[in-house]
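Pasting the structures here.
Below, subunit A partners subunit B and then partners subunit C, in two separate complexes.
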Partner chain A sequence: MAVDLETLDFDQIAKAERRRGKGSWLIMGGALVMSAVWIVPFYYMIISIFKTTPEYAQKHPLALPDGVGPLIDNAVTAWNNAKMGAGLLNSFIYGSIGGALAIFIAALAAYGLTRFDFKGRNLWFMLIFSGTVFPFQMYLIPLFFTYQELGLLNTHLGMLIFYTAICIPFPVLVLRNYMNGLSREMDEAARMDGAREWTVFSRIILPNCLGPMTATFLLQFTWIWNDLLFSTVLANKTEVRSIMAALQVFQGSYSSFGPNVIMTAAIIASLPSLILFIFLRKHFMNGMRISNVG
Partner chain B sequence: MASEIKIRDLVKVYGRLPVVRGIDLDIPAGSFTVFVGPSGCGKTTTLRMIAGLESISHGDLTVDGVRMNETPSRDRGVAMVFQSYALYPHKTVRENLEFSLKLEKLPTAEINRRIDTAVEVLELDPYMDRKPEALSGGQRQRVAMGRALVREPKVFLFDEPLSNLDAKLRNQMRVEIKRLQRQLGVTTVYVTHDQVEAMTMADMIVVMRDGLVEQTGSPIDIFENPANQFVAGFIGTPQMNFIDVTIAGGTLNVPDFGVHLTMPKGRFDLAAHDGQAAVMGARPEHLVPVGHGASVETDSHFEAEIEFSEMLGNETLLFCRKGAVKFVARMQNPRMIEPGETMTFGIDTDRLNLFDKTTGETLRQPKANDI
Partner chain C sequence: MPKRETDDEILARIGLDTLAATEKHRTRRAFRTAFFFMAPAVAFVSIVLLFPVLYNIYISLTKWRRFSGFDEFAGARNYTRMIDNPFFAEALANTAIWVVASMTLPLAIGLGLAILLRGAPGEGAFKNIIFLPRILAPTVVGVLWFYVYAPDGVLNRALGVATGREVDIGWLYQDNTVTGAIIATFVWQSVGLVMVLILLGLAAIPRDPIEAATVDGARPWQVFRHITLPLLLPTLLVVTILSVLAGFTAFDLLWVMGVPYPGQRTLSLAVFMYFEAFQKGAWAFGSALAVVIGIVVLSVTWVQAAMQARIDRMTK
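Presenting the complex of A and B:
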């Protein structure tokens, strides 16, 4: 039974299709309220950075600022007092080098766990993965004393070692699962093509893991960047402390800085990881895909 | 260029589980040899041992007289086409082809020469800058072959290369692989579970079961003179019919069909097995509906009921029943068949097979395999 397509009202059909996809007003209302709860703090943060300290004190915290001028002053005050330059640089070093090293070592481990048949393979994996099972705070005190013993307290090296180590287990889990999905015939083909183990790893397996590697790198970078606890305890000197530890100068009962300065500092501190996410978001999304083309 | 492969007492065990139980094989230089057998018969494992992807538990593998047991696969001069093609997904077609040559550190001119040859033979030109995900199954298959080709290997190995293709493409690639092998003259070992591939492509078929070689021979030899009931049943579609008989006074007594068959001389020494129970192997085309195919001896006629039929266009398969025995016959000049219809059949005794009832081995006289 053929249908004369000319007689159909396509606009009407499209409208009906759209209507089918829409939720009710009740759900929309609920969603709006939920979003507001999330958005208000951001709103508060954004408007606060445009206020001077007296202006902040006089007005309602959520009132709009008089102008955008005070931003520069706030930024300069925050930057100088927290020595944010050093903090940002340190955090960037910890995040990028620590994160990258961790991912690379995790990739090596995942390769071994998926490509070599040895006894106790799962046991090794569980051992590595157990690193993420316990709360990280557990490591704090023993680590502090060990670092003190070894002279690693307040050193860049000490921080890098810690961040690298703590960031390994999670990528091992992700990369092991991902590499398991990569066809072993592919490595066999490479081996027959003349590749030795290292070549198989570096030129066949790694390039095919860029997605999950970028994704886990971003997550680990952000974790390192946002870490306050370990940075505060293991490195409190200006030259080695991370940006998050640096922000702590604005806290405490002797702090004379207004929330406007603190908010400005917080925004400056969160910009780099935001920018990194924007740049690498394509890889990040790709890395979240489970499947891969064989 | 072509190399000869010799396999002696080849065994593969995984822990205590034997997968290949001792294989002796001479693969002649430049031949197209097909390993065929049901799943788990050890054919792929044997191929992988030749490739160097599996260690050899026991026995010897030599290529051109050189023992290869411990040689890493990259140094064996073998190239393989995998079932999944195993192309490098992050590399373009050109990079896929180049990979081995660059690892070998060949001069650029030589790399280009080899790639150009492969591209021409396999008609890869339009896809050179594409990644594998942008290729169809058949194109990927070609690239996989190209990757093996550029290495100019001594031996080509194929591991069920056509099983991921649709039927039409499979037929096409089958012809192409065979043509390519003829053209290059490289010793080729090809693994498949598809007996049609084995029959159409092979110079030599190796039928395997349970880690052992059941029979080795040319396609026609395997088809016409199967060494045992397993090979007879495995090669040929529809399967060969097996019917119980007794050998009596130089003839075959087929009680199920109610006939006595006079066998042609020379093929079987019936006198030596007189009084013995045996199994008659008759291919569907050897049970001929009278009036629909080659006319056969009159003493072998019997009637059977057609349970149902499959009309294939150029022929019809008849699924028949005679008493408790079911068999399949092939009707060459088809007409419409009603289920339940009774037809008269003749038996083409010239090409019958006869197997020992207990061992399943053929009763054919050793020197009579000259068909």
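Presenting the complex of A and C:
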């Protein structure tokens, strides 16, 4: 942009700049204090996993560790005692299969809701979306008893069924909005050429929805990965419980293991979501946006 | 006023019965195909989510017996039992604190940060730092802060440095500190998202009216009060309701951090409900508590919808 230097009042600009500068020093100071409140706990967590239990007890909690060696011991202790292998595998199965199945079922429903003219379309949508309005507390007791009756308590299948169901309504909302925005010309043309509805859905609509499908999948995967409540209620056995349930039980035994070991377990439990976040930051941020404003 | 004809009747009157029939046939076929696509979602949601909600309401009106289950009708007894349960009163009081805190704190801090930070040097870095805890699971955040609040933990050490005396407050062990401590952790985790959403809302506000007002000599506070704030209202509403619902039904943090607190069950209605049902086996009473939580959550959602509609009308 060209600026007409002749007409600019440099004294005025310098004065305004100085005033702005003073104000922003104050803001910077406040921002630094706040950043400390946000960073110190992370710093504390990261240095703690490099300490042995006696070292942790003797030293100031913010003191740097003597070396990085104890991490392996801590990780092995946490892994074996919290049965983290099983927890990680279970949560991975629940998150990937449950999440993917939910997104696929939601895409099917969104297609049905946007590509056909029939009465009561809104009612059908409301019926599906009403799965998000009730607090989780209302599901717990009935599901516990029904699962007990059906033999689904403490099974992988039972958890998958629940996680799939709870992850359907929100993606239906997102994908319905998205598919409504997709032009109908292409699918009308395909129908003219004699394509069946299934072909239109799988060949034309699905490939065009990969963006929002990825974003909502990541969101649902993270939700399942982070879930503590439903695993605690419906699957608390070592072989089927989620990683967060494993971590919570391990934490409950805080008297027998040092904070260094338990925080190592917490870090291991967070690694997958951290890795996902770092590599898929853009999709993730998209997901956050649609999940909270949409 | 003459009765309004339906589409079918109009078509029949102008002598196009056959066309009406084919049209009807067409929409019916459209519905059949659409239903084929919607069926899995409808089945999953109604069987796994909606049926339990109804079943929960039913259970809350019964009396549980070990062998016959929920056969005996109890009327409103499970609800009246709440009134003289001292733990319920305490759980309700703590939940009220959670609601007020989660309605005001994330919003006030998030809005303040968003306004001060916007366009300031280092905005991006600061935003990422404040957002960081959001990536972690509440369970993990709970584990971390459990040790930050420990009697010889980071917080007490920092206070010791600040006051020059040794501090050994058992933050998570005492009646008067435990709720505040867990709320502080909740805010620590949630404020980043609130700030990011408000920044998004601010970015969507058109620059023209603000520039026009500034040119006309409006002070920054006036611009904020009369232009920015009204335009930001929808975002603030959504953000507030989200925080309140999250705070009201919070479970993970309270369950992980409340372990050393002797009155853990009274930390909130959600924890109380879990405790009564899954630790004490008071299933019917527990489901009555779940219904109470459900009524509150639905009312909050309803208030949000009503306010949203009003704001939409105002801005249109």
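One rule holds for everything that comes next: the second predicted complex is superposed on the first by the 247 of 294 C-alpha atoms of A that agree within 3 Å, B and C clash if a C-alpha of one lies under 4 Å from a C-alpha of the other, contacts with A are read in each partner's own complex, and residues count from 1 in each chain.
Just so it is clear, contacts are C-beta pairs under 8 Å (C-beta built on N, C-alpha and C of every residue); 3 or more make two chains touch, one makes a residue touch a chain.
All of these numbers come straight from a predicted model, not from anything done at the bench.
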First, second, both or neither for A:140, with subunit B first and subunit C second: second
Touching partner for A:279 - first (subunit B), second (subunit C), both, neither: neither
Contacts of A:185 with subunit B and subunit C, given as first, second, both or neither: first
First, second, both or neither for A:193, with subunit B first and subunit C second: first
Greater residue coverage of subunit A in the superposed arrangement, subunit B or subunit C: C
First (subunit B), second (subunit C), both or neither touched by A:204: first
Subunit B and subunit C contact sites that coincide on subunit A, given as residue numbers: 292-293
Contact set on subunit C toward subunit A in their complex: 27, 30-31, 33-38, 40-42, 44-53, 55-56, 59, 69, 113, 116-117, 120-122, 126, 129-130, 132-133, 135-140, 142-148, 150, 152-154, 157, 188, 193, 196-197, 200, 235, 238-239, 242, 248-249, 251-252, 255-256, 259, 270, 273-274, 277-278, 283, 286-287, 289-291, 293-294, 297-298, 301
Contacting residues of subunit B [partner subunit A, same complex]: 51-53, 72-74, 78-80, 82-90, 99-100, 103-104, 132-133, 147, 151
Complex interface listing, subunit A residues touching subunit C: 24, 27-28, 30-31, 34-35, 37-42, 44-45, 48, 60-62, 105-106, 108-109, 111-113, 115-119, 124, 127-128, 130-131, 133-146, 161-162, 164-166, 168-169, 172, 197, 201, 225-226, 228-229, 232-233, 244, 247-248, 251-252, 254, 259, 262-263, 265-266, 269-270, 273-274, 277, 288-289, 292-293
Complex interface listing, subunit A residues touching subunit B: 183, 185-186, 188-196, 199, 204, 207-208, 292-294
